[in-house]
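Below, subunit A partners subunit B and then partners subunit C, in two separate complexes.
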Partner chain A sequence: MDEKLPESVDVIVLGTGLPEAVLASACARAGLSVLHLDRNEYYGGEWSSFTMSMIHEVNQKAPNTLTPDQKSQITELLEEDEQLVELGHQKVLSEVEMKWLQDDVKEKLEKESQMRRFSIDLVPKVLLSKGAMVQTLCDSQVSHYAEFKLINRQLCPTTSSSDGHITLNSVPCSKGEIFQNSALSILEKRALMKFITFCTQWRGKPDAERRELLGAHADRPFGEFLKEMGVGETLQEFIINTIGILQPRPTAMTGMLASCEFMDSVGHFGPSPFLFPLYGCGELAQCFCRLAAVFGSLYCLGRPVQAMIKKDGRVIAIIANNERINCRHVIMSARFVPEDVPILETSEIERIVYATDKSIKEAQKEQLTLINLASLRPEAAISRIVEVGFEACTAPKGHFLVHATGTREGETSIEKVAGQILAINNVQPYWKMSFTGKTLKFDTTAGELAENVILAPQVDASLHYSHVVEECREIFCKNWPDLDFLPRTIKNDEENEEEVEKTATGEENQVEN
Partner chain B sequence: MNNSNRPVRLHWMEDYKYLFKVVLVGNAGVGKTCLVRKFTQGIFPPGQSATIGVDFMIKTVKVGNDKIKLQIWDTAGQERFRSITQSYYRSAHAIVLVYDVSCQPSFDCLPEWLGEIESYANRRVLKILVGNKVDKGDEREVPERIGTDFSDVNHFDYFLETSALDATNVDQLFEQVATRLTNDMKVTDERVHQYRADATNSSANSSGPIKLIDRAQTQLNSCCSSRQ
Partner chain C sequence: MHFVKKVPTSEQEKAAKRKEHEKRAQQFLRVRDRIVAKRDKGEYDEEILSLTQQILEKNADIYTFWNIRRTAIEQRIEANRNYLLELDVLDEEKAKSAQKVENLLAGELFLSYECIKSNPKSYSAWYQRAWVLQRQANPDYVKELALCEKALQMDCRNFHCWDHRRTVSRMAKRTEEQELEFSNRLIEENFSNYSAWHYRSIALTKIHCDEKSVKLDDSILAAELQKVKNAFYMDADDQSAWTYTRWLLENGSGKEFLRPESCTPIQLISASFHGTNTTLVFTRAVTVPYILTLVDTDDETSWRGFSSTSPSPTSARVWQYVSDTPLQIANPLETPEKSENFAWMSLTDTPYVNVAKLKMIFDVEEPKEPAFIQELLEDCRQLIELEPKNKWPLYMRSLVLMEYRPIRSHSEIVDNLKLLAESLDTKRVELYKSLISRQKLNFSIREQFARLLSHESDELVVRYSELTSLEGVEFLAGLVGSADFSGN
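Our next item is the complex of A and B:
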């Protein structure tokens, strides 16, 4: 029943996660012939979003290594001097657990067929309004395929020194918001405005001068520098919390850079510098795949991708579903890396997702919320919460997904801190999922991977997409130095358009008769 | 000139009343691309060559006195291995499901397509069923009656048999889409106005979704204006 795959292409891309999708679209856009395969029946791999009814798919299928029978069948496809290398089933998600905490809610959601209205992100990230991702989306016109909402609320947790009670205060982003903010005193507002003015001036200076301006503080903690600038302790915490979401543990130098990055993006689409994709982050990978398809890339999901064929140290073909497809390059996600390639290092990201029917902090209108939890988990580099619901098309009306993300350092788990945040407004989650996302660092020096195999970037702990996109760009430019990475499309929409007007009659009976 | 922060979207909205996203689905080879090309460009593309780089076609039609833009999306070949992205269905105002009247298997696949539409598309999306290639006369495998029945049973909003080759019902198809969507939208508009009048303190928070095109457009406009 399946159509046959092509015999030969320029590039085979394995895995449909965001980085693979970006690279596939860049290749297709540049005129290379691309075949994009995934073993999963769905797009996005470990970057995907799932409905509540499909979330069980997140459990990676048990690796079906080749049986001797299959192997001999495949070996028949090989020619002289060719070597068969079985592709891996690397586990990039582990300890996946999910559980309903309130069965009555489950029944109700099922009855109202609301389960498909959830979009549960494995990697909840945001876009910086002036960051590399937004730029790439606009240049490539992938922006046509997606819509976004502003993350319109950034909350800063403050722990009372007397009773340890945590309160969540809104972070003002724009000048208007600073002016209206009730948590800051007039003096603090003045100090904050002074700081912003300093940032604006600092940003305009050449690199060398920037460092000079920070003097001896440049590589000291950001807080010390702020203190030197006359910023009081409360405001220091506030600024460090806000900026820290972009740059954990900032020094004066990295803190200033992050402040500029933050302020650069403020006011671009609204008061907040951050955007969230409607229907969840998994949409982005799909949107890039669509662009690749528009430029001729062939898509095939749910294919057993079995092995690669090597000759003289290069990959010359991929075997999928017992079919041989010749190629010049292979781009693969970590999942496909052969099992015998040594792993140097594994870094882990802890993830907890709660489904709730009440916001962390209720407001008149539903908000998309971001919280930096660093102050509650100072030992860990990354601890944050993203809460998105109906407004972001990721949950039914009145429901929310609370995404906690954290690196593993220190004694306090991200789960415990997330629990504290939920407790503030007495939020009782009715569903919970937890898992560990793994980033595997492979030792490619030994040559187990051929020189024309390109490893796609993996999930990182960063809040936004700039690093991923930049990494994809670098990889592309390194491998195809003569080609442009997703160049700006000059063609305007209107070019596709025929300006001949038609008059619809608007009367049904005329046509239906 | 330093332009104010006025949303650019409003600026290019002036030129038409509504813009609707119409997506086509159905098996490979049923003639989806041909229908779109016939309607938007008046040509019947010969051969089966995929149209590289064409994302969607836009065509302006008139419904009554209103200028309506139809943004018509094709599958970009992703249907070949049943690998259409869910995001393709998002925010579609109308979905046109196409089968080939001379190809029974393309009709037999309709329930699968309906399943996808139900899973990913907006619940209130306008659903249209189209039996294409009626020009094939003798080779017909699916009688019109069967198409009508399927359309009725599965609550399609409209059913039509077309031929992209000889242009039978092609214009009617898209004109129907435009007319029905416009009429629906006018009703919604009235409701929205009513709602807005009720909600006195609608802050900047009550923003609609953001399209990044606005920004690209801003840049485009600003560089154009600086040149003048």
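Our next item is the complex of A and C:
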């Protein structure tokens, strides 16, 4: 905390959430000098994961705005023509509530010191096996710092029309799973395979031809197009539900794109297209920070970041803990945006986390489960559940975290639907947390923010990371057009040597023969 | 050092690489010569083990070196065996010696594992594993089977691995039911897997068939068809599913013509006396010594065989015994071979004719049709409708019809086969033509069957029937005196 910070760096990154971490690592990798600061004592900000004993930290500390005393002290650091802009404490999480529903379980977990075995994600997402995130992880070799497991079960709730009873059916993803599935008739299986073949062909076509193939249906509902293709009603529903997790309310065009995205990732690492990071999603932010550190980025957590200094419309320095650090660029998470920047729009994502000691659908082997709740909340754009437990290293053995995520539209709350899902297998959660995640859209045109201040992408409602990573890439390329964004690592000499060796032995074989 | 683009290999670098390459080749040759020299001197010591290991790690295909290793290890095993028999050695020392051999064998498994990892199709490396397992005191079959499964997940058609698995499962005394379950697992993962279906067919036959019968029960066939149906519905172009379906059909069939001749049991079809000779016709080619076990002569010389492949065959379906006096045959209905209480059957007045067999051969009667066959026909029909350009459902339906409805569906069979020959599968025109020919021949023979059996006339007439082959006619050799195949 008292460690002296450098006087000047190329880039100061404020906040250690995933997008900030990605950008920090990209800058450091590109050879820029980076200082990465966070007011929190932990990594990840609103993208973090917490153990059960640390989860209370999620409550943002009361913003300590600068006292007049501090302000005058800081002002002394300013030179002529420079202007002080106090940094904000934007609230991105609100209505945070958590409570124990069964105290005996709490005592037991504490006694067995299991509380630290939880890894409670604020933003539970998955990775598309062939999506932008996996590509970036591999190229940048951040993948070396993390481990992943396949989401091995995708469930789809169906409501019985007679008694309203909900059942959870497995969604077959791969050819093998379709083959084994007993819910689909063979004609449906056939139609599904035909559809998959069509997608594979469609994917290979140029954009214009793709649109042409969809004809008049392109911007009409996906279902109509599927019907046209001879896909029966049950199967239509099935396909739309399956890809709905990537693309709610698809048109023929977006539906086809999502189908291709889905199928592309199927079979890459296993039958399911999705991966989940072990020890929770918060790991990813830390892994990118680690890469940044390897390339020389400097890290300071728990540092009171107070203000920025502007001159001629540009930010030239940041003041943290009464120290001035000069910089060329500032990348900041929404939390740090000055309070006087007008907010145009706030979108909200409802989040509920349950801790349970029983899976929502028990299986022989513990599963990582994803459920699309769209059919139960048709008005809402997003409603899904991720259940992860010991297998994903996010809970002690025999325990699970059930993450419900939803947007607010419609009458049925995500909480109600999550309750229905838990009720199917009579799951009694012993702990519950709920909060609202906020995405703030700032009015950057007014000029309160300088041109060299880069706003990092915020938490989005999407299931996977592709959009976040793509956005980071765009931001990076826009600001540093002459630098590469986390480029593929060049093979080192050792590997080259191995290759030579192989060819050499290949020819030796001929000598022998 | 970031963003250093890889420099294209310059001539200089190429030269350096070539030099390095030559150096390595030289190194290899040196090691090779050293190994060979040691072998020639019979020095199967630690050094030769380490030298061969060095090279095999880089190239597992040099079987000579594996051979040398085996010799070296055999010597140590033998030495240990003798050591254990010695009387004046402490048990402790004996245990140590035995352990040393076990360690050596375990090391061999590790080496071959490394080799297989870099070259999963190395004959020698796979062979070495089986060889080691046979010599280990307590081979870990579970681990070995798991290894096979992993290798098959990477390449489900690696026949080296399939072979190895067969060997290991035999050594581990795995039941065929377990292997059937294993094939289930692989098929569920990916049904386009010839090898797994084939493995399944072998396991099924071993479980349900004995040497005498090669026919599977209807209940098993029905269950298997349900399974494979999922596959050909999902991908009607997938050959493995259709090939397996065809195999099921053949196994449910009592008829021979779909099967290779070697599967047919030898049976006498007819025996008849024609004034100057006695003609014997069998279901499959037989030799004179075999026939002599059925007839009342030991004469080996007066036989004349008829075959389309040779003018004087040693093995044939049709044989004539040239003699003015008729032969007597052992009554084929009672005992297949001469035994104590059998009766000679005279052919002087009436020939012997196995009518049931002939009826089967020429589809004179249609067999009983199990429910699953009707279902299969219906499935094929549906797929033909959905995919008129796909040859498989049409071919399969025709095969089933030929088997179960040759009379009722004669014209559909011929039409289907023509469609296949002319547009859907033109590469196999001759195959379809010969199938059509046989159907037409059978059709014609059916019409004349009663007459031929009644001995009113021994003339067979099959005119203008687009016959391309007369295969099958030979079964009638004892009944037909003259034939008219004009217009074919």
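The rule is simple: the second predicted complex is superposed on the first by the 489 of 513 C-alpha atoms of A that agree within 3 Å, B and C clash if a C-alpha of one lies under 4 Å from a C-alpha of the other, contacts with A are read in each partner's own complex, and residues count from 1 in each chain.
Everything that follows uses one rule, which is that a contact is a pair of C-beta atoms (placed from the backbone, for glycine too) under 8 Å apart; a residue touches a chain by one contact, two chains touch by 3 or more.
Just so we're clear, the structure is a prediction, and the values are computed from it rather than from any experiment.
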Exercise for the section: Would you check which partner chain A:279 touches, where first means subunit B only, second means subunit C only, and both and neither mean what they say? Expected result: first
Practice task
Quick one: classify A:296 as touching subunit B (first), subunit C (second), both or neither.
Solution key: first
Exercise for the section: In the overlay, answer first, second, both or neither for which of subunit B and subunit C A:166 touches. Expected result: neither
Exercise for the section: State whether subunit B or subunit C is in contact with more residues of subunit A in the superposed arrangement. Expected result: B
Practice task
Return first, second, both or neither, reflecting whether A:270 touches subunit B, subunit C, both chains, or no partner chain.
Solution key: first
Exercise for the section: Scan A:180 for contacts with subunit B and subunit C and give back first, second, both or neither. Expected result: second
Practice task
For A:365, decide between first (touching subunit B), second (touching subunit C), both and neither.
Solution key: first
Handout entry: Touching partner for A:149 - first (subunit B), second (subunit C), both, neither
Key = first
Handout entry: Footprint overlap on subunit A, comparing subunit B with subunit C
Key = 295, 501, 503-506, 508, 511
Exercise for the section: Quick one: which bits of subunit C touch subunit A in the complex? Just the residue numbers, please. Expected result: 2-4, 6, 17, 20-21, 24-25, 28-29, 32, 58-59, 61-62, 64, 187-192, 229-231, 233-236, 382, 386
Practice task
Give every residue of subunit A touching subunit C within the complex, in rising order.
Solution key: 29-31, 175-176, 178-180, 186-187, 189-190, 192-193, 295, 483-484, 487, 490-491, 500-501, 503-509, 511-512
Handout entry: subunit A to subunit B touching residues, read off their complex
Key = 2-3, 43, 51, 116, 134, 137-138, 141, 143-150, 152, 267-271, 275, 278-279, 283, 286-287, 289-290, 293-296, 298-301, 365, 367, 492-494, 496-499, 501-506, 508, 511
Fill in the blank from the handout: subunit B residues touching subunit A in their complex are 5, 40-42, 50, 52-64, 67-68, 76-78, 80-83, 85-88, 90-91, 119, 160, 169, 171-172, 175-176, 178-179, 183, 203-207, 209-216, 220
